[in-house]
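One structure is given here, and the rest of the page talks about it.
Should a chain be cited, it is by its letter among A, B, C, D and E, assigned in written order, with residues numbered from 1 in that chain.
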Amino acid sequence: MDLTSIGGIVFGLGMILLGQKLEGGHVGSILVLSAGMIVIGGTIGAVMLAFPTKDFVRGLKMVGLVFVDKKSDLPGLAKQIVDLASIARRDGVLALEAKLGEVQDPFLKRALGYVVDGVDASVTRDSLETAMEAEAGEATIGAKVWETAGGFSPTVGILGAVLGLIHVMENLSDPSKLGGGIAVAFVGTIYGVGSANLFFLPFANKIKRKLKLEKERNTLIAEGVLSIQEGVNPRVLEEKLRAYTGEHAPPKGADDKKKAA
Amino acid sequence: MDLTSIGGIVFGLGMILLGQKLEGGHVGSILVLSAGMIVIGGTIGAVMLAFPTKDFVRGLKMVGLVFVDKKSDLPGLAKQIVDLASIARRDGVLALEAKLGEVQDPFLKRALGYVVDGVDASVTRDSLETAMEAEAGEATIGAKVWETAGGFSPTVGILGAVLGLIHVMENLSDPSKLGGGIAVAFVGTIYGVGSANLFFLPFANKIKRKLKLEKERNTLIAEGVLSIQEGVNPRVLEEKLRAYTGEHAPPKGADDKKKAA
Amino acid sequence: MDLTSIGGIVFGLGMILLGQKLEGGHVGSILVLSAGMIVIGGTIGAVMLAFPTKDFVRGLKMVGLVFVDKKSDLPGLAKQIVDLASIARRDGVLALEAKLGEVQDPFLKRALGYVVDGVDASVTRDSLETAMEAEAGEATIGAKVWETAGGFSPTVGILGAVLGLIHVMENLSDPSKLGGGIAVAFVGTIYGVGSANLFFLPFANKIKRKLKLEKERNTLIAEGVLSIQEGVNPRVLEEKLRAYTGEHAPPKGADDKKKAA
Amino acid sequence: MDLTSIGGIVFGLGMILLGQKLEGGHVGSILVLSAGMIVIGGTIGAVMLAFPTKDFVRGLKMVGLVFVDKKSDLPGLAKQIVDLASIARRDGVLALEAKLGEVQDPFLKRALGYVVDGVDASVTRDSLETAMEAEAGEATIGAKVWETAGGFSPTVGILGAVLGLIHVMENLSDPSKLGGGIAVAFVGTIYGVGSANLFFLPFANKIKRKLKLEKERNTLIAEGVLSIQEGVNPRVLEEKLRAYTGEHAPPKGADDKKKAA
Amino acid sequence: MDLTSIGGIVFGLGMILLGQKLEGGHVGSILVLSAGMIVIGGTIGAVMLAFPTKDFVRGLKMVGLVFVDKKSDLPGLAKQIVDLASIARRDGVLALEAKLGEVQDPFLKRALGYVVDGVDASVTRDSLETAMEAEAGEATIGAKVWETAGGFSPTVGILGAVLGLIHVMENLSDPSKLGGGIAVAFVGTIYGVGSANLFFLPFANKIKRKLKLEKERNTLIAEGVLSIQEGVNPRVLEEKLRAYTGEHAPPKGADDKKKAA
């Protein structure tokens, strides 16, 4: 559960509605079905037209990523890879096979599969990189769907507002209805600007950020497993992976020596 | 037939018109010939001025891509290429000649033509890449035409609205006509914003996405055929192509071994 | 004569004026000298300030490119280069000297000059590439001048409109002049948005597109002449150049064989 | 203490409030709690939704960078590195260990740690580069948080203004309250535009600039330490580092000779 | 003295004021101290906050570049370098020392200093490139300061206008002051849009263009001096440099031969 996501929606909407209440307005004024149909319906139509079906569906599904919080224990992952490297060093890469069952991360499992299977190192690298690129590309499309929705909705909101204003202008003869009509028309702008800035664009950004972190995780795995395949010394590997885990400390040896000195 | 495209237009326009009806407006108010002439005519003129004739015509033709849904069976295509690789391995590349008739995909046919013809590997690679780049470049221009139209039409819509408002302002003396005049003027904005957001920009995006998928397909073909020419082992090729087909599973061998273990 | 350019201007302006007429307006309302001075004058001033004199003049001159249509017979050019390659193959590169007089294209003439002159291959490549880059860079500046004008003019138009509105506001006491004053003020917006979207930005785009095609042509020439210098087989060269001419057909040999099969 | 940052805020806000006072307005008119809640609350909500918790917190923390002025004595740093290079040249890299205690800069300390520790040169380079990339990437996210806030707040400000206008329109019957109501509504725009342009966007820019300078400093350190590890002549190193310190003078030797000549 | 810069300001401002006069307005209406304080003061504050002190000062200083016109005789410079190459060829690089006094261009002087000083070729290349990059980077920041000012000022102008409108709305009871109040408020927009489009953004563009030309000049120098160090034949060097000077003519030899033929 991503509490910042849920907190962001609750806090943002809450403050806006509270502020509106303080000014003397009521929520009812901005609950206008027709405006909602125009803005949300028009935006959905534009996004459907803008993307192939597969992309559109992927975009809808990826909204899950906004609210789910995957724990990412990078130092733990690095430690696991270094342990696997030690085993491979000592007992040969085939010894990793027995460990495959304990591996949780699907990408790590897959990458180790290549090693155990004796796939050529350059093919392993190519396959892992192509897979990472392909996954990242596909996933980015999901974020792009929301970004596009956030680009269309404010202008569709303006379209809704102008449609309402046209209606008002055609009925200028009854001034008593003027204010109410304009108010309803303005709700289109609220829906367009609000949906884009409080939902669609933040969704796109959060998805992109989480994909970025996912990619960093996979890069660590790929680097680690390729090093195992090359038979890199586990201690060197440990040092190498530290750069990816954000533990920006000098290598252990350096500290030891300093203490000794 | 691309149902998402048609559905997007029908749903988007439908919801907007329904919403307008709910508010008490009627479609008639936004059917204004003069506004249509100004916005669509002005936009067409600007786009014609902005592109060479050839690009403009290509852009118009490419709108077909928005509504046609080409099936793209990537795994099937990869299988076909692996089968061809097996034949080439067993019987030599000339044996592929008899198979050329069965190949549907024009790019695959062309690529195999180079192999059968004994064209040098580096020339084949260069030719396929240059052809892919050139096709992609030309096709992108088609999408760009619609993007440009979507960039011009909202501002031409504002131009139409302001033209209408000028007319209204010059006739302020008759207030009874004021509202109707402003309403007509606002239709220019509707046409500009609507054509851009409900048609032109989504068209451009859909075209770009479909071209991207087409390019991925052609990359798979080029990689596959170049591997055939190099005499790559069909099983290694199968593994290699899997990265392009989106089947992100560990190589078959790895699974077998795991089951055996 | 680029008919799409002229047609675009005539059609765009025509439809806008016709639409305005249909609404009951007359051209006279939007012919306001003061607004033209403010918008066009202000934009010219800003563009002069934004570019060195040389760039500014080049930009003005390049507007010719918008209206002139240079025929570009790429397949014919490729054939000519292949013929020259055959001569060079048979009789040596010095034999090309006699042919220099028949060459029309200045860039081809220049490139062949290096070959005939026995200039070192790497110097030829460097010189041709640097020249192409330099020409493309300079020419792009010409397009950039119009793009910048198209960026400034709408905001200068708003400046003109606001100047007009200030004048109107200061004379609110005479309501009979209100409408006319606002109408005149709005003409500034018309000029700003219109000049940018119907002229400046399309100019920039057309210039950029034509320069792109020019560069593709020069790339074909450079590739061809460098191949002549390297003594590439004319048939291989023919195949190589086909990728640049947009004739995306399998090499001739492949077809022959298929027919024979 | 970054006096330009504090001066910028004081001067900017001061001039705006003074200007408002000159026009006869008073600060009280723009101190509207409800508008503040809507604009700032809505923006915070959107930013929380747009970023993972870790990024959001990092963004908040990095605002410190805007107000703290880290002295960066690049020539002094270069001199220190050249001195260390001399020691390493004379007494071997292990002699640097005794100097580690005097080194203040944490990145320099860390880089020297690798050298003293005898880590392989390519691993040192990889580790330093990955660390610099990682730090720069993480830090950029902090700037991005403010940039995103500056992108959301003006539109949320418009949302607040329109909410206010809706309220006004619904109460048109009492014209005496009209002006005050619109005034309050407009405060939303003030808050949105003001927070973005006077705080959020400048914050983002200042953070990015300071990170850029930090990265240049670290590049100098990395280049210097790697040269020490390679055993580069201290005088050559001095010359090399001069390019990074902004001392764009010809090498000392050149001057000497000229004087001698 | 850059006459286009001064001419651009005079012509732009002149036409705008003349146009305003034609419409019946007077300059006095747009000379409003309070609006100037808000817009210019607020923009200065935002820019100070957005940049480190050093960048801000550099930006202010670089405005000189907008008005100063440095003559750049590239063909003459190329000739000078070719002459120096001839001397170096004939009498050795040390013979260049005597010529250093005649060299005006500081970058050429510096580059020759390396050659005379016998600095290693790769160090010379590195140093010249790093210096060019560093200078270009620092200078670009100067342009960026103005670009940022041009990005802030229109929105600060809107802020000023809305502040004025709030004041007007609060005093709706006295309609006679309405028009004048709105007029004053609108001056904020004039200042914001005008300062950005007539000054700040053109300043940034002109500075960037001049830096680009400076960089091209330095590239020619670097290429030339490195060729001297490598002992390239002066005639080949002459040909090579021609690509940088914009003299896109076939090499001299080619013409000679043609004439002879």
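In this section, contacts are C-beta pairs under 8 Å (C-beta built on N, C-alpha and C of every residue); 3 or more make two chains touch, one makes a residue touch a chain.
No experiment lies behind these values; they were computed from the predicted model shown.
Trainee: In contact with chain A and with chain B at once: which chains are those? Just list them.
Mentor: Output, common partners of chain A and chain B: nil, no chain qualifies.
Trainee: What are the chains that chain B and chain C both touch?
Mentor: Touching chain B and chain C alike: no chains returned.
Trainee: Nearest 5 degrees, what's the C-alpha rotation angle taking chain B to chain D?
Mentor: 145
Trainee: Is the contact between chain C and chain E built from the same residue numbers on each copy (over half shared) or from different ones (under half shared)?
Mentor: Shared-number fraction below one half, so different.
Trainee: Roughly how many whole angstrom separate the Cα centroids of chain A and chain E?
Mentor: 40
Trainee: Return the distance between the CA-based centres of chain A and chain D, expressed in whole Å.
Mentor: Chain centroid spacing, chain A to chain D, equals 25 Å.
Trainee: Which residues belonging to chain D are in contact with no fewer than two other chains?
Mentor: Expected reply: no residues.
Trainee: Once you draw an edge for every pair of touching chains, what topology comes out, line, ring, star, complete or other?
Mentor: Chain contacts: single closed ring, each chain with exactly two partners.
Trainee: How would you write out the ring of chains in order, opening with chain B and then chain C?
Mentor: B, C, E, D, A
Trainee: Quick check: in the complex, which residue numbers of chain C touch chain E?
Mentor: 33-38, 40-53, 55-56, 97-98, 100, 109-110, 113-114, 116-117, 119-120, 123, 126-127, 130-131, 134-135, 138, 141, 148, 152, 155-156, 158-160, 162-173, 184
Trainee: Residue numbers of chain B touching chain A in their complex, please.
Mentor: 2-5, 7-16, 18-20, 22-25, 29-30, 66, 154, 176, 178-180, 182-183, 186-187, 189-190, 193-194, 196-199, 201-203, 205-206, 209-210, 213, 236, 239-240, 242-244, 246, 248-251, 253-255, 257-258, 261
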